[in-house]
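Following: one structure in structure tokens, then a few remarks.
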Amino acid sequence: MNKSQKDFVTIDFERKKRRLFGETIFGEGKTAGHLKIAVEKILEYDGEVLVTRLSRDQYEEMGELKKTLDYDPMSKTAMAKREKEAMGKVAVVTAGTSDVSVAEECVRTLDFFGISSESVYDVGVAGIHRLFSQLDRLREADVIVVCAGMDGALPSVVAGLVSSPVVAVPTSVGYGAAFEGVAPLLGMLNSCAEGVAVVNIDNGYGAAYMAGQIVMKIYEKDK
Amino acid sequence: MNKSQKDFVTIDFERKKRRLFGETIFGEGKTAGHLKIAVEKILEYDGEVLVTRLSRDQYEEMGELKKTLDYDPMSKTAMAKREKEAMGKVAVVTAGTSDVSVAEECVRTLDFFGISSESVYDVGVAGIHRLFSQLDRLREADVIVVCAGMDGALPSVVAGLVSSPVVAVPTSVGYGAAFEGVAPLLGMLNSCAEGVAVVNIDNGYGAAYMAGQIVMKIYEKDK
Amino acid sequence: MNKSQKDFVTIDFERKKRRLFGETIFGEGKTAGHLKIAVEKILEYDGEVLVTRLSRDQYEEMGELKKTLDYDPMSKTAMAKREKEAMGKVAVVTAGTSDVSVAEECVRTLDFFGISSESVYDVGVAGIHRLFSQLDRLREADVIVVCAGMDGALPSVVAGLVSSPVVAVPTSVGYGAAFEGVAPLLGMLNSCAEGVAVVNIDNGYGAAYMAGQIVMKIYEKDK
Amino acid sequence: MNKSQKDFVTIDFERKKRRLFGETIFGEGKTAGHLKIAVEKILEYDGEVLVTRLSRDQYEEMGELKKTLDYDPMSKTAMAKREKEAMGKVAVVTAGTSDVSVAEECVRTLDFFGISSESVYDVGVAGIHRLFSQLDRLREADVIVVCAGMDGALPSVVAGLVSSPVVAVPTSVGYGAAFEGVAPLLGMLNSCAEGVAVVNIDNGYGAAYMAGQIVMKIYEKDK
Amino acid sequence: MNKSQKDFVTIDFERKKRRLFGETIFGEGKTAGHLKIAVEKILEYDGEVLVTRLSRDQYEEMGELKKTLDYDPMSKTAMAKREKEAMGKVAVVTAGTSDVSVAEECVRTLDFFGISSESVYDVGVAGIHRLFSQLDRLREADVIVVCAGMDGALPSVVAGLVSSPVVAVPTSVGYGAAFEGVAPLLGMLNSCAEGVAVVNIDNGYGAAYMAGQIVMKIYEKDK
Amino acid sequence: MNKSQKDFVTIDFERKKRRLFGETIFGEGKTAGHLKIAVEKILEYDGEVLVTRLSRDQYEEMGELKKTLDYDPMSKTAMAKREKEAMGKVAVVTAGTSDVSVAEECVRTLDFFGISSESVYDVGVAGIHRLFSQLDRLREADVIVVCAGMDGALPSVVAGLVSSPVVAVPTSVGYGAAFEGVAPLLGMLNSCAEGVAVVNIDNGYGAAYMAGQIVMKIYEKDK
Amino acid sequence: MNKSQKDFVTIDFERKKRRLFGETIFGEGKTAGHLKIAVEKILEYDGEVLVTRLSRDQYEEMGELKKTLDYDPMSKTAMAKREKEAMGKVAVVTAGTSDVSVAEECVRTLDFFGISSESVYDVGVAGIHRLFSQLDRLREADVIVVCAGMDGALPSVVAGLVSSPVVAVPTSVGYGAAFEGVAPLLGMLNSCAEGVAVVNIDNGYGAAYMAGQIVMKIYEKDK
Amino acid sequence: MNKSQKDFVTIDFERKKRRLFGETIFGEGKTAGHLKIAVEKILEYDGEVLVTRLSRDQYEEMGELKKTLDYDPMSKTAMAKREKEAMGKVAVVTAGTSDVSVAEECVRTLDFFGISSESVYDVGVAGIHRLFSQLDRLREADVIVVCAGMDGALPSVVAGLVSSPVVAVPTSVGYGAAFEGVAPLLGMLNSCAEGVAVVNIDNGYGAAYMAGQIVMKIYEKDK
């Protein structure tokens, strides 16, 4: 029964070989002890690390590691990143201002992976001319990530106007019958425009990963 | 225990006094016997009658009454209608061709109530230019009824572009995760554009009633 | 990665041209920074502004803007309103005392839009004589908004007695199996009386917008 | 592995001693073989038998037993009943004509148990004067069973007007968002009028059993 | 817009005439102001009052009225009660110790209504001999109220052993897949033993009301 | 694009080495072509085969293989089985007669695996003495499989009385609010008696597999 | 009221310009009349056409067009395709044989779009060595589409082993608690391996479209 | 109305005779008073006691009993245990570090019951080589308990590789669409590998009990 903290953590060190991007840490619900061990092990092995879903309180408990990690409260992410040249272009779009924290988790993760992104925020279908005025920027993107709560209608409209793949992220934004993101999740899964695939509610990180893999496929062909 | 068929039906003869429109009949699940009694009683009292959700098989069993009733298989409605002058203008919009049977239930009900309608079909957001080319017609309407399945995104887009009230009808059209209309229902309840109110799944009749009441309010003020 | 707060907000300044009523602000989940920018931009452009779902704590953080904004804790709304002549008449009805905060969000929004309202509160079907004693007031209204939790039965009863359109607002009031407003939402969507359309759970603002659009349609015909 | 049909059925012969009413048979999904064994065993022991949820096809396959059993297609019940004096008074109410088959299952079961009932059908809240004109009959009942689909609002209204216990039966009647009886079930569980308890969707038999037990309690005190 | 607190409350003073028991107050979510008005009005009219779902904090804010009201933290009820002779006998049963607060809300409400009760607590089916040792007490009851969380199996077992009507109360007790009372709610609605009717999750008050009405029916026949 | 039927099937021939029992075939939704290939391949490799969820129509289309396979319509299983000595003892219990087809799928699968079973059918909690009279047989079993629909209460009661592990199988039996097995599934997951683990709705085969693995573990220790 | 069939269909002729792939037809629920009009219009404009979810009965009613369309009953697709050179490589994987019809809808759609695919069928995690023996083929793919029902576990395992983006398609295959594809849908949205995005239940067509867009992005960079 | 605290607790003292393991205490929601009575009674009778779901705050309120009880904050369990020789071997596996608190509740309960366990943590399918490197340890276990959140895919993979029974515990770990454990619960119930049975969400205790009963069956045969 005498376990040390280290018995609870098994780092997947070989991930980068198999999967392009190395292992990252999902902070939510983890104790300061577990977080520190994971951060240190990955830093040692990969020379860089990304932590997502990290509350300010959790960050504050990380002691010495705080100096190493760049923390952003809007996206709740902390990272130490090695220099790398940015590649590709992902457009990150939101329907409203309330979706921005999810979008920024996506933007920061892309940055960590070495992929360029461009933010197109608060252009939901209630005032659709805001979207049309940004259409050129969207059409130039390799991949488009769209974050939306409420009716989740924006990815359908965007996908109908472009030829790039759209990764849709439902957000837990809205009145009661949005059911913490269920309404936009269903809307996105049922997009009447093809070319939309969906990740988990509020999962800006997952959208970045999917978009990142597509960008890598596009540019590795160039080599 | 000796009930006659008539014991099962209590017609609300005074509805027209209270509610502008008289009682109508929801056909689904009713036996031929119940249907005939209801149709006859209302015809006798009001001089006209509308039956909704009436399958062709049910219609065929109605004997002599078939001559009196005009049956439309697309909308599954039958009616005998007194002459009346048409009033107002309701735009009835669909996202796809598969939503048309619901829209036609709405159109036929409006016609029965003496209200004009205009159909704008198959203009969903996957090809949004189809909607924009009809915008003038929509902007002239007193009320707009929008029928959509899948993501239910169309009412949000329409409402964002007009000043008329939008009555949204989710339809049970779509792949598995549309859950027989739940996805568009939630989408419409969570419309990011204001000015949308929702009726039951596939309930073209209910949308017509709501739209009809609004039209009556508008034109009774003129008198 | 150097975004200012303003990058997160795209105001829809042309909304009033398209939609009768100008853009308003949904306060919930927004930071003080985002709120201030949005309030200031809209005030500058429209000369008036409405914020809904604004907690007292959020309001207290708004600094100088507190003087400009009239805050009402019951409805959680803040507004700065230009003088305008009130028009029409919307009856705002509740089933119980617990539904009053939602109803007041509706009443305040109507007031902001320049539309008169009359409150008929705590007249649920458990003591239905309370409703009957108010029937004349209801019958004089252009539109009736009904807020109810629990069984959501009140809109059905009201709609069966009047000829005005009924906008129903489910509230998150009730014991466990009300599921935070799902029970009244379903009740209202399935209203056995026609002429009911439904908005989101606790969405008094949305009901006011829908009712407001109907009132505007009625009175613009008079001009 | 050589089971006879009889191995699948264990009759609860002592039920009448414990529970006032003897065992009955739920027909749905049972093979003709199982049904015949169960009917014969109970007839032999109790001298009477009730089968519910028995389709006409199942009934037709019962051979000789058809002569013994009185089959009613509206309620899908078959019974052989011993003479007994009727006791008490249960009012069985429906909101619409489509709820009648459930109500008749209740009425037939009460009759089998030797309890009087009175039917008050098609008096839903869409035309509430139909209910008020029957109020005296309702107030004389020992127990009131209310069957309703759609919004399930009728039990709330009835319970608010009487002093008898109300047993509510949600029915699977309605448009899509009634979800096969879920909407009225939730409405009834959340009745804003007290004195309502609920049984399963379409379970007219269960309502009769509950009502019957209450009636027996009332009249056994007289002895 | 100048409403006083009294505009939010419409007391149903005639309830006792129609319904045997007078109006009571559901405390949850009400402000101290609304609570005081309601308590005072009912006390003045009926000479007694019951408040349910009243947190200790709400009670502490009631000022002078605290002296008049007897508060019980376990059941979260406060009451001022006129002398009356107790009548009938309701057995109030729980499956576990965690269901006791719901059961005590039932017991206190019965006491307020002038009905005797007997508590049989912590006798769930995991150790079914505990139930069997109490069977005589259960069989003497006019009505049995059974409160259970988790699997909600106890009402089925109890109903199978007695001839009294069983009112079942699902409680929000259990691990994750109990879904705050949904699992026992469904279990009780699907009771394989007949003679069970169900009230809302954690609604001890509603069970007391239903049981009370049945008891009143039994004893008024004696007069 | 020229695939033969064989391209659709990849048999897991090495399963028996890893898992004690060899691969079996889930018949539902498979074409006659796919079924025949799978049966033949497994027969060739293992010398025996079990097909579950095989409708009589599917069986009739299997041509020559019909002679090899022993088909049982009650359990919808077909098998060709090598001689083997039976081992252990599994009690297979049902709450009602309608649960028997699921139980027989379990019994037939156990027989195929070479494990003895004993059937204890129709002993649900509505008449709990039926269960008590079988208690000795249950207590002698190595494992107990309990199949129940409706409230799913039986596994809780059984587990509270024995020391053997209980594998619970919810069945899709019951009135509307059983939701095709969801009610008993939740009941079983929330069993107030410990020592219950649950398999999928109507999955008699899966229960047999789980029970079979436990029996094998018990008897392999004897060797 | 005199609409012709053509009024129900608005073809999006410009789709190919905006979106790489032209408009296709979702056959389910469409009448023969609507289908023929749509097929003819698109054939005339694009010189090729794809119809999905087309039952054999619907196909048989298409008259002369049957000669033009190549119908495949396994995937329920019909197409007339112009010659084009195949590009890229998509691996289409299934967990079981029952998922094959969905996979073939994907394969046929890719073929129509001019994209190469390779089928890796029946390699679910119950016998995970079947997957490992195909790993090289998977690692060579530009995109991997994984179709799985039941637990939907396969996409997680695949994504953990490769660097290509994975498009996951839940299928409506499984026992009761799979809820027609909900279980694998949730499993896939919650994939513990990153790089998975999800389309609608049984939507092989949508997966092909998403995969096709990614492939086009990869190879257009080469030009 | 004068109940003492003891009236709320009925200990099942004979459980050990019937069920191998004695009664334990579920701490959540219990008051300090109820907890102390229960702990003392069981300690007196059994000489040992286990409390699960006990927060540190609850533990701190237990006064003198704190000395007797060994509290572990990770698993939220407290116990006083008699000496006993450990028996059997249960492997307790987790998919991630966040599942560890549930796993430790299982480990501590097994320890209390006198059963040996071995922890294999953080070996989820995203990096499946971590699992393969532990396969020998898993294959030696009598029973395997697998705790996983998110997609709940791990039990399927494990069960496909071993011959021991697998008890699966869904955990409430994951992004929004995990719905507090519903996603892994459904995944596990639908495991495509046979030999998996499921307990409630986060119910490490229940898994230990099930595993413990299996172990006891295995080793009692040896005697």
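The first chain written gets the first letter, and so on, giving A, B, C, D, E, F, G and H; residue counts start at 1 in each chain.
Everything that follows uses one rule, which is that contacts are C-beta pairs under 8 Å (C-beta built on N, C-alpha and C of every residue); 3 or more make two chains touch, one makes a residue touch a chain.
Labels paired with UniProt names: A, B, C, D, E, F, G, H = Pyridinium-3,5-biscarboxylic acid mononucleotide synthase.
No experiment lies behind these values; they were computed from the predicted model shown.
**Student:** To reach chain F from chain A by way of touching chains, what is the minimum number of steps?
**Tutor:** Counted as steps through touching chains, the separation is 2.
**Student:** Same or different, please, for the chain C to chain D contact, judged on whether over half of the interface numbers appear on both copies.
**Tutor:** Same; most numbers are used by both chain C and chain D.
**Student:** What pair in C-E, B-D or C-D shares over half of its contact pairs, by residue number, with G-H?
**Tutor:** Answer for G-H: the repeating interface is C-D.
**Student:** Would you kindly tell me how far, in whole Å, the mean C-alpha position of chain H lies from that of chain C?
**Tutor:** Each chain's C-alpha centroid was found; their separation is 49 Å.
**Student:** Round to the nearest whole Å and give the separation of the Cα centres of chain C and chain F.
**Tutor:** 56
**Student:** Just curious, how far off is chain G from chain C if you go by their C-alpha centres, in Å?
**Tutor:** So the centre of chain C lies 44 Å away from the centre of chain G.
**Student:** Indicate the residues of chain C shared as contacts by at least two other chains.
**Tutor:** 126-127, 160-161, 174-175, 177-178, 182, 185, 189-190, 194, 200, 206
**Student:** Report the complete set of touching chain pairs.
**Tutor:** Those chain pairs which touch are A-B, A-C, A-G, A-H, B-C, B-D, B-G, C-D, C-E, D-E, D-F, E-F, E-H, F-G, F-H, G-H.
**Student:** Going by the contact rule set out above, which residues of chain E touch chain D in the complex?
**Tutor:** For this pair, the touching residues of chain E are 18-21, 142-143, 160-165, 167, 185, 189-190, 194-200, 205-207, 209-210, 213-214, 216-219, 221-222.
**Student:** With touch defined as at the start, can you tell me which chain A residues reach chain C in the complex?
**Tutor:** The touching residues are 97-98, 100, 107-108, 111, 119, 121-123, 126-127, 129-130, 173-178.
**Student:** Can you check the complex and tell me which residues of chain D touch chain C?
**Tutor:** Chain D reaches chain C through residues 95-96, 124-128, 149-153, 156-157, 159-161, 174-175, 177-179, 182-184, 186-194.
**Student:** Which part of chain G faces chain B closely enough to touch in the complex?
**Tutor:** Touching chain B: residues 1, 3, 7-10, 12, 14-15, 23, 26, 28-30, 34, 38, 170, 172, 180-182, 185, 200-203, 206 of chain G.
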